[in-house]
Amino acid sequence: MEAKRRELVPLALLWGAGIATLVILIVILAYILANGLPVISWHFLTGEPALWGQTGGGIYSTIVATLAVTSISLLVAAPLSVGGAIYLNEYTKETSLRMVIRQAAEILAGIPSIIVGLFGFLFFVIYLAPFTGGWSMISGGLTLAFMVLPISLRTSEEALKTVPAELREGSLGLGATKWQSITTVVLPTALPGIITGLILGVGRAVGETAAILLTAGGSLNLIQSLRDPGRPMTLNIYNVLTEYRDTTTAYGTAAVLVIAILAITLITDLLMNSYTKKLKGL
Amino acid sequence: MARTRYVRKLKELRQNVIDMGALTVRSVEDVLTAFELSDTALAERVIANDDAINNFDRKIEAQCMTLLALEQPMAKDLRMIATSLKMITDLERIGDFVVDIAEEIITMAKPIRIPVSASKFNELVADVKLMVVDSIETYASGNVQQARSFEARDDRIDFLFKSIVENMVNALAQSQCSTETVADVASLLFIIRYLERIADHAVNIGNRVCYMEEGDRRFLK
Amino acid sequence: MDTATETSVEISVKSLNLWFGKFQALKNINIDIQKNQVTALIGPSGCGKSTFIKTLDRMNDLVDNVKITGEVVYQGRNILDSDTDVVELRKQIGMVFQKPNPFPKSIFDNVAYGPRVHGVRKKQNLNEVVERSLKAAVLWEEVKDRLNESALRLSGGQQQRLCIARLLAVEPDVLLMDEPASALDPIATSKIEDLIYELKNDYTIIIVTHNMQQAGRVATNTAFFYLGELVEYAPTIDLFERPQDKRTEDYVTGKFG
């Protein structure tokens, strides 16, 4: 009985911590959605933005800009991070080089986004302007790629590590080459983990503001090419609040953003669950 | 040393076989003493003692089966158990022949007379007795050299057996004997036949000891 | 020591030494593996028997810091030579592992895996190979109606036979088995053992086992490894009934240490 009572205190504390996390999440979501959902309408989603100096209007161009920078960052970061993870996990031995690369990724992940943005500004916007078009979707996307890369590299590497060595040996033992083993056995097995890592990265890209602020420009015009400047949703929230105190548009945009992130997370979870089940033969 | 309980059980088994052997040797000696002294009472005691030998046989067989079933004995352990399992049958058979001899002694007229050269007869008796003693001894000591000498010693015993039988048949043919005497000579023939068979079992034991000690399977072929 | 039952030699190992860093895991191993026989390798954990069979299909290449000297002659060539085509070698010398390791794919795709990576594309041919291999591994009857189910739904014993079928599909000459039944229950184990006994008609099999009774049941010859040395190599019955070396005697009677 005494032992049981002593167990009660840590149990209660842990239970409290869990509940607190849940409550905080619900409060934030409820607050954003309660204020944002009423704003959302067909016109809000597809309409032109308000003219300069006015409030209200649609956020169509910002949705497109978010899609553009996110896609670019994903297109750049996904092959790099998955390729890098494969290289680290499958081709290098546990040497100091591997440690250095992994450490570098950790540090990169820890750099404040405004500093990454500063780098993106100096490198892509200024130095590579002839290619990127200066402030542009390309500059923003590439800068975001730097932020996505370390996250998805680490998660991909972890995912590859969880693939049992027996599967690799089994494949090699059948006379498959290393590359065949990786593409036909290792990657399919690690796919759920890798995708999860990429989704985490996408979440980061969609939600990033500071780095975008310095690299994507801020034009509310609908982009015509990736070399145009644009204003992704996060930046729009920042701008309408700081410039016009337009809380309506801010809440609406926030709600769209939150719903988008929720949707992405849930849909990939669902897909990955069924994929994992299929993999496990359930 | 791993498997201490198993090793202890092997030792117990070996000791039991040696004890059973000692009991058998004692029976052989007693029955031959009864013969020498025409001692019916001793012969009867020898018959009564056979139960003890038979009990040992069952007890040791059970021990062997348990070890085989539960311990997966290998190499020398396996050979020792297999040897013991077969050897107790030899000992049990020797015990049975001892009973047969004792029963003949009881039926014979006293004092027992030997109608042929006593020296050959005494040599046969002494040789068989010693072979039985030695066979148990080789099992206990693992003396393979001694065990290998048994075949030659058995040849001598076979020779003595045949020549004594011949002498007795001749003695019977030449004399006019009473029915009782003929019956006694027949008993004597049985007795030396039993002794000769006892020696064969001692040879078996010697061969099995060679297998136990060296894995020498020649005698199985 | 070379008193083992002779037929013809499939693999001849000469003066094989292997180091992991400074640790010498194999010491001057000399052994001739007989063709179309089952050869069992026994010995306490860490005696080098697994390392030894991994050397035969160059799986030790996957380990860091390995140094190997000596020869492993197979089909007239030293497979330890650096110019050996390891991928080709592993088609001929296949390995079954301790834990069944089916790929997280369908039963069909598992067996078809080898032929596919070696370029067989025609559905017809694949169907034939899969059926033939599953039959050879005595699994066909149990799975023929559910070839598209995940291999992971099979029981442990079935998974191991699937792994053997998967190996047979690439038509090797030699099967290396690293404790193939150690994770299985007795019934599944006896099925694997029966299979091994059958397969020796067509394949040369080398099996590492901790289970001496298993070696006794399936192997013609048995080799006892101890501390990286090949202590004794003899017909299985001799090794178990009348070992020549004191260390073998102590090991098989379980009185080690």
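Read from first to last, the chains carry the letters A, B and C; within each, the first residue is number 1.
The definition used in the following text is that contacts are C-beta pairs under 8 Å (C-beta built on N, C-alpha and C of every residue); 3 or more make two chains touch, one makes a residue touch a chain.
Keep in mind it's a predicted model, so treat the numbers as computed, not measured.
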Greatest centre-to-centre gap (Cα means) from subunit B is with chain A
Chain centre (avg CA) closest to assembly CA average -> C
Taking each chain's centre as the mean of its CA atoms, subunit A sits from subunit C at a distance in Å of 47
Here the gap between subunit A and subunit B, centre to centre from mean Cα coordinates and rounded to Å, is 93
The distance between the C-alpha centres of subunit B and subunit C, rounded to whole Å, is 51
In their shared complex, subunit C is touched by residues of subunit B numbered 1-3, 6-7, 72-79, 214-215
The residues of subunit C that touch subunit B in their complex are 212-213, 238, 240-243, 248-249, 252-257
Note: in the complex, subunit C contacts subunit A through residues 57, 59, 62, 64, 87-91, 94-95, 97, 99, 101-105, 113-114, 116-118, 149-153, 163, 166-167, 170
Note: in the complex, subunit A contacts subunit C through residues 93-94, 164, 166-177, 180, 184-185, 188-189, 278-282
